[in-house]
Amino acid sequence: MKSDILKTASDYLLPVLLLFSIFILLRGHYLPGGGFVGGLMASIAFVLHAFAHGMDDTLKFMKYHPAIFIPIGLLISLSSCVAPLILFDMPAMTGLWFETPIPVIGMIGSALFFDIGVYLVVVGATLTMLFTISESTD
Amino acid sequence: MELILVLIIGVLYGAGIYMMLRRSMVKLLIGIMLLGNGANILIFLLGRITKGKPPVIPDGASVFTEMYADPVPQALILTAIVISFGVQAFAIVLLKRVYALIDSDDLDDLNTPEDI
Amino acid sequence: MKQLLINIMLTFIWVAVTGQFVWSNFVFGFLLSFFILWLITRDSATKKYFGQVPKIIGFFFYFLFEMLKANFEVAYDVLTPKFFMKPGIVKYPLTASTDMEITILSNLISLTPGTLIMDLSDDRKVLYIHVMYMKNKDRFINHIKNGLERKLLEIMR
Amino acid sequence: MNLDYFISYIVLPVLSVSIALIFFRFYKGPTVADRVVALDLLITIGIAVITAYSIYTDQSTFLDAAMLLALIAFLGTVAFSFYLEKKDKNE
Amino acid sequence: MLILVLLGFLFPILLLLINKRLKEKLSVFYGLFPFALFLFFVSRLPVINSGEVISTTSPWIPSLGLELSWKLDGLSLLFSLLITGIGTLIFFYSSSYLKGHQYIDRFYSYLSMFMAAMLGVVLADNLLLLFIFWELTSITSFFLIGFNNDKKESRRSAMIALAITGGGGFFLMAGFVLLGHIGNSFSIHELSLFDYNIKHHELYWVVLLFVFAGAFTKSAQFPFHFWLPGAMKAPTPVSGYLHSATMVKAGVYLLARMTPVLGNHDYWNLTLMIVGGVTMIYSAYHSLYRTDLKGVLAYSTIAALGILVFLIGIGSEHALMAASVFILVHALYKAALFLIVGIIDHETGTRDITQLSGLKEKLPIVGIAGLLAALSSAGIPLTFGFIGKDLIYESTLHLEGVLGISLTALAVLTNIFLVYAGFTAGIKPFTGSLPKQFEHIHLPKSSMWIPPLILSVLGVFYGLLPAIPGQGLLRYTASTMQGYPLDITLKIWHGFNIVLLLSAVTIVGGTLLYFILKPSHSHLERLERYSAVSPQQIILKFARQTEKLATWYTGFMHNGYLRNYILTIMIFVITILGYKLFTRVPIYINPTVLSDVSIYEVTVAVIIILSVLRTVTTTSRLSAVAALGVLGYGICLLYVFYSAPDLAMTQFTIDTLTVVLFVLVLFKLPPYLNFIKKGVKIRDMTVSAFFGGLIALIALQVLNEPVNEETSIFYAENSYVLAKGRNVVNVILVDFRGFDTMFEIVVLTIAALGVFSLLRLKIDITEKE
Amino acid sequence: MMDNTIVAPIVEHLFTAILLLFFWKKVKTQRIISVLGNLMVLNTSSQLFMKVWNNGIHTMQAGNWQAPFGITLVADVFSSTMVFLTSIVGLAIAVFSVVGIGKPRTQYGYFPLFHFLLMGLNGAFLTGDIFNLYVWFEVIIISSFVLITLGGRKPQLEGAIKYVTLNLLASVIFLTAIGILYGLTGTLNMADLSLKVALVQNRGLVNITSFLFFVGFGIKSAVFPLYFWLPSSYHTPPSAIAASFGGLLTKVGVYALLRVYTLIFVPDEFTRNMLITVAVLTLITGAFGALIKDDIRRMFSYLIVCHIGFMIAGLGMYTKASLIGAVFYLFHDIIVKTNMFLVSGIIYKIKGTVHLDKLGGLYDEYPKLSLVMALVLFSLVGVPPLSGFWPKLYLFNAAFDISSYVLVAAIILASFITLFVIARMWGEVFWKDQPETGPGRVMQFDKISIYKQFLLTAPVIFLTFISLYIGFGAANIISLSERIVGEMLDVTPYIQAVLGKQ
Amino acid sequence: MSDYLIIMLSSVGLAAIMVAAIGIVRMPDFYLRLSVTVKAATLGNGLLLLSAAIYFNEVSVGSKALAIIFFLLITAPISAHMIGRTSYFIGTKLWEDSVLDELAGKYEKDTHELRSDEEEEGLQENG
């Protein structure tokens, strides 16, 4: 499917959507949103790009295969999950927080890292699925 | 207002099963999706519904100052939605692969005779 | 150059959507969009992006007016029993040449009631436009040429 | 006229009627493309409903959902177009 | 005593360690192992003789009431001596019989394990312990019958034997558990103390049923007898050992052992007399028609087992004494005859009685052994058999009235047939003229002919001095069964009485029969005409019918059609849900569920429902997907209305992605199926409507219940204060219930992995795993 | 007692799986990591078991939120035993998989999936939260979906459609049940549910909920009439995968049934009768199916169904003895069913087929291996004193206790047919000469190195030893089961451990 | 005061949406339906969002509303263009009263390449 209009639009929409997805991720603790929706948004950004440019272009352009985000994300989530256990012998998932809040994001704590992990896994998994499917379709 | 959701639940469960009883693989999958939606709404409803009071603590307050919707079912459904998405994505692909093998959407073609 | 511009644009979008107009949010937005741009960098010709603010504002109102006008026309036709339409697909030779120009132009044409972009030819020389009220083909083409497209290109170039 | 009253007795009902009309087109078709357009329009009206509802309930939080809809709704249409084109090519 | 039993299981391990070449040379000495055990048991004779009982107990599984409790009394000693004594001879005999056989070490392993299991059965004083060994005898016997495993017939016989005895075993297990349940103990001697309670328990008959099922199958009673002739596919020493002298007597042993617990009750006595009686006459008669020597012996063995069951059924002092004696008598002559047949088979290569004659020229010593065994089996005076038979007649005659007379007649008839069978096996092959084809045969190694000779000589020896076995052991055997000391002395001569007369009739009748009836294949064929109504055929037919039923049933249930599976499941669910809902739940619809309804909700709901219907009814796949899209967006709006923006956002993004997924996959699919079969559709609609309706109704009922908000209040109060988030849903997702989320992303990971592998990895059907 | 380390059997598997994902294409590395990971988990879970055995119930409140507000992990004797057994089986299968799973499957994620599956199982055993249990079930089924289709051969995919569909149906019903339960009680914590469900006035609704749980778990445990997916699919994947399915997957359904029916709901008479009826029909269905199948793996599949009946019967009778029987049978079944499929895997490696008609001569060719296999098969049949025998004693006892003679008959029938089919299999596979018609080619087994032969046989021998221990050390297993059943019938300690002293 | 502004703006918005809704039902062919709906709905939505921005009277909400309008302006025409062109070459017919179709025959059948035919025409004009 080739449409120059769509191509151009997707070029400009991609960063917008990505930004928006990160926005959704970071403020999830305060307003609707969070890692899932954020991750799904980010995937949609790339999917759109792939629709416009073809999957190969999108893959080239992403530098890394999206699958790599999966173990990285898992590792981040798992780390923030077990960090309290390993560092302080507290139950897994116990929230660890920095004392002072940071502008925009708010309080920085293990929950945030956890959500970032979720975000990455969602991006990685969704894109891996969609790209594999569309690859086998062409 | 609950009755509305009850009706929807009934329709989704019924239609889901009906679709699962068809011969087409795609219908089968759609049936599963309908059921999944039905289950989500069921959880949502049975956690009791409230209009227009999202469980977001307003700025400046540290607890809710007025009535709010039960956040637990919402969290559960969110989890369930994402899980079903993963599972259904896999199921869709499975269907694609099976079709590629048997060249048909007909579930009745799934039986290599000895499987009976 | 283009990178920087997009970067700044994204920063503003960030600040707009987050709705927190504080300096730290600008910094954060800048860094974030820098990161994203780094992530998705690809080479294409760099472009001049000097916004001409007054022209933009003028163009905005022009467009708004066109849109409202056309809307009323369409609304009338929709709401009255009889159709006055003379629809057809017109080939529109483009003056605009870059991706950005063509895309914005076609979006604007589409947003104007009564017209809808069907497709862009592969050599990017013509737009095929579906027109609801095509009383005269040439007049329609001229209307766009001297109105929307010219004003847009003035801003873009 | 009270704003709440306006929203609940005018805006939301009118939007509901629009939704019903659009759904009628969706149900009737006749072409798949018609349905796709109707679907797209339904989502757009959905944004309007959410907006109205957020005013009605005084919860700006709902606008976030509207924003999300606005950003990604067209992906569905793009996907359907993709499908129709591919399907056409295949046949 | 545990060690004694375990030795038999250790022996094979020892064999495993010895190397192959050595094994062959050593095989002659293997017999020393059972012989040592035999000597041990002989050394216990004086203890038993002094009226004592040796018992030991050590705990195993106290909570089950399973103890390692052993008991050596008259009954178990008799069997132990038979098992180890005849075992010794069989071990020696086999070393020649199977000389050079590739798997002789396996054979000895099975044999010694069998011996151990058998010892376990007879020494155990705990029902569960006994059962364990009981099953082991079935298993080892399975391996022994199937020893020539390359032959289809062997395998089949082993299967049938295992099926019958193993099947009976499960009944026995149930019976034992029930007995232990009723008697509150698994210890046999403890149970025998409370036999009154057991016999008067309402489930006594069930216990009997189960125990009989075990005993009758094992001891080849009618109608389960047929596995035993089949088991003759085993090597002859095995037949002689297991299927004549020992294992098949386990059933008899069990009945004897249980007599103090379960016996002396009409159900018990009558059942055993009837089953034993039918078995003995039926199979004794059948032995007349056999032309295969082992067949003759097999049927006569079944008859003998019938006699034993019959005697235990009579249950009088005399009968039990008779049974004790007959166990020994039969073991001696029947084992001897089997071994003799084995020699004949080994040397001539045939067991067909119509072909065998005149072997006394070539195998004189074997002939002598055969003659002695045959005489003992015929109960000729001065043999031990004579004493055994006398006692049988005496016990039947002790019964009163018509029953006594008819049972005596039955016993006489049986014995006449058995005389014939004994003569046929022990005498017939040796008399007459030697056919040409047997001229080259010669006497086998002494280790083959000494064992039968010993056995048959013992038959005569005990006949001459009956007091030795009688006073020394057998009366204690009978006492054990009876539950109190007996004092019946075995005598050669009782004087002229009816018993003697009957003996004479038996011998004369049997001898006449021997001379009149020439065994021939045509007889057998004539008999086989009735095979369709034989128990074997009926049971096998039943088995085949069961298999047919199983095939039909399995195919019917698991018919390959997914929708039928779902339908079955749904009908099950609907039936029970409906039943429970309408009988257990007071249906009440609270009118408040209709309050506060607005037009936008109704519109969205109607659209949702219509789009579901559209999804169901459309004939275009893409329309279905689009309708699903509408459904999803409708739900998304509902989530907004009911205060769940997070859900709305997620639902919307997921729905969009699902559309994308569908679109990427669907366009290659073939036409959308839409079969129109009205009946099926209506059926499915009914089922679906019921299910949907039930779920909806249940939901309505749940809404009537009070709400517990403890959890959600906790979240509301602590979400910002402790977890530092304002969006409670998100706080639940990443903190309160973050554990769910952690593994939910694992689900996504796996799904992605799955999609990837499913599309990329395509292993060819021919490839290895 | 609070103990934050009880999460280890889950986390360690997850960590191993993540690590494996980083070594996506490195076959050898993956194999080593997997075996090491399983060893690590075995070590941890054995320690966990000992801790729980000695000191009682251990809990971890995830996120440090006091129950019932967070998610609680609970290691009681039952769950820690299940975790322990899972890690035993896991190790055995991992070692087997080193040779048993070929390069292509290894390169497409077999090992990570396997660890995800084990993690899911451990999670399902350890969790004390009903919705979290749902998540674990989803982890389990999705990894099993992928494993069962891994390789994408036609029969695999055909079976998978049925497997996936019916398991998804089960998930939906499970989710529905959770929704209703939450609506009735407002809590998800199982200990809290135990208290709150008892307070619900509308017993009919409670009953309905419990039935929905039965359907959800029943489909996963493959009971009549919900079993269809199992015989449709279990024969299709490679043996190592079938082994983990046969040994663990249906059992987690049984575990969940035992758990909810003792902790949250106490079955009433109707439910008990229903369970017993279901058990009887499951026994018969499985037995009949096994009787007529000529393919070893199909036969085994039906035997799985059949033997689930024993456990359901134990639950249905709901006496102390019957529950002991069910629990004991569960432990026995996990080991022996796994081993059985591993055995079928070795047979396949040797003969290239698992069809009875085409097999033969194994006893002559591999006598010692055959004897080990014979031990496995006899354990399965329940030849005393091997492991399958003991629980049946309890079941008989309980059946007589409640005078359910139909059940007695069904148990006898099922045991008998199991004996029969196994004996037949022995005759056909081991005794019979290799028929001319079959592939019969001695495949790689003789050609592969001793080291590989060892890797294939060692797990079987290992599990056989465990089986033998369960059989001969039945006294220990019984006292273990007794303690578990004690915990089941008196849930107060569980509730106290989770909710704190109240 | 702001209430009246809101009511006014949203009334116009509603009217536009109604036009779109009626249009999609009434218009005789696909392209006309598409043409009518996209912009009317966008306009209507925009006005409603503007009302919301005024109603909440907060910078954050206002910028959010503007962002939504912006996104709609970008995306709506693109989706219309996509579905419009696709339905053209899958053969969706124009209304019978249409006056002109210059797109006819310009698509390559298999590749969906779209010719402009400008060169040829240019040549003709010059020559």
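A, B, C, D, E, F and G label the chains in the order they appear, each numbered from 1.
The rule is simple: a contact is a pair of C-beta atoms (placed from the backbone, for glycine too) under 8 Å apart; a residue touches a chain by one contact, two chains touch by 3 or more.
Small disclaimer: the values here were computed from a predicted structure and weren't measured.
A.B. asks: Note the shortest touch-path length, in steps, from subunit E to subunit F.
C.D. replies: 1
A.B. asks: Show which chains lie in contact with subunit A and also with subunit G.
C.D. replies: C, D
A.B. asks: Which chain pair is joined by more contacting C-beta pairs, C-G or B-D?
C.D. replies: C-G
A.B. asks: Which one chain sits nearest the middle, judging by mean Cα positions?
C.D. replies: F
A.B. asks: Find the geometric centre of each of subunit A and subunit E from their Cα atoms only, then give the gap between the two centres in Å, rounded to an integer.
C.D. replies: The separation of the two C-alpha centroids amounts to 61 Å.
A.B. asks: Between subunit D and subunit G, what's the gap in Å when you average each chain's C-alpha atoms?
C.D. replies: 14
A.B. asks: When the centre of a chain is set as the mean of its C-alpha atoms, what distance in Å lies between subunit A and subunit D?
C.D. replies: Roughly 27 Å separates the two chain centres.
A.B. asks: Measuring from the mean C-alpha position of subunit B to the mean C-alpha position of subunit C, what distance in angstrom results?
C.D. replies: It comes to 39 Å between the two C-alpha centres.
A.B. asks: Of all residues in subunit F, which are in touch with two or more distinct other chains?
C.D. replies: Residue numbers touching two or more other chains: 14, 21, 62-63, 70-71, 131, 135, 138, 142, 145-146, 149, 152, 154, 161-162, 165, 169, 176, 180, 183, 188, 232.
A.B. asks: Among all residues of subunit D, which ones touch two or more of the remaining chains?
C.D. replies: Answer for subunit D, listing residues that touch two or more other chains: 15, 17, 19, 36, 53, 61-62, 64-65, 67-68, 71-73, 75, 78-82, 84-87.
A.B. asks: At least two other chains touched by the same residue of subunit G: list those residues.
C.D. replies: Touching at least two other chains: 22, 34, 38, 42, 58, 60-61, 64, 67, 71, 74-76, 78, 80-82, 85, 112.
A.B. asks: Please list each pair of chains that are touching.
C.D. replies: Here the touching pairs of chains are A-B, A-C, A-D, A-E, A-F, A-G, B-D, B-E, B-F, C-G, D-E, D-G, E-F.
A.B. asks: For subunit A, which residues count as touching subunit D in their complex?
C.D. replies: Spelled out, the residues of subunit A in touch with subunit D are 1, 6, 16-17, 20, 24, 31-33, 37, 41, 44, 47-48, 51, 137.
A.B. asks: Can you tell me which positions in subunit B touch subunit D when the two form their complex?
C.D. replies: Contacts found on subunit B: 51-54, 56.
A.B. asks: Within their complex, state which residues of subunit C touch subunit A.
C.D. replies: Where subunit C meets subunit A, its residues are 6, 10, 13-14, 17-18, 20, 22, 24-25, 28, 32-33, 36-37, 39-40, 42, 99-100, 102-103, 106-107, 117, 119-120, 124.
A.B. asks: Across the complex, what residues on subunit D touch subunit G?
C.D. replies: Residues in contact with subunit G: 1-3, 6, 10-11, 14-15, 17-19, 21-22, 24-25, 31, 33-34, 36-38, 40-41, 44-45, 47-48, 51-52, 54-55, 60, 63-64, 66-67, 70-71, 73-74, 77-78, 80-81, 84-85, 87-89.
A.B. asks: Could you please specify the touching residues of subunit E with respect to subunit B in the complex?
C.D. replies: Against subunit B, subunit E makes touches at 555, 558-563, 566-567, 570, 592-598, 601-602, 605, 608-609, 612-613, 615-616, 621, 624, 628, 631-632, 635, 638-639, 641-647, 650-651, 654, 657-658, 661-662, 665-666, 668-675, 684-685, 687-689, 691-693, 695-696, 699-700, 702-703, 707, 709, 711-712, 715-717, 719-721, 726-729, 732-733, 736-737, 740-741, 744, 747-748, 750-752, 754-755, 758-759.
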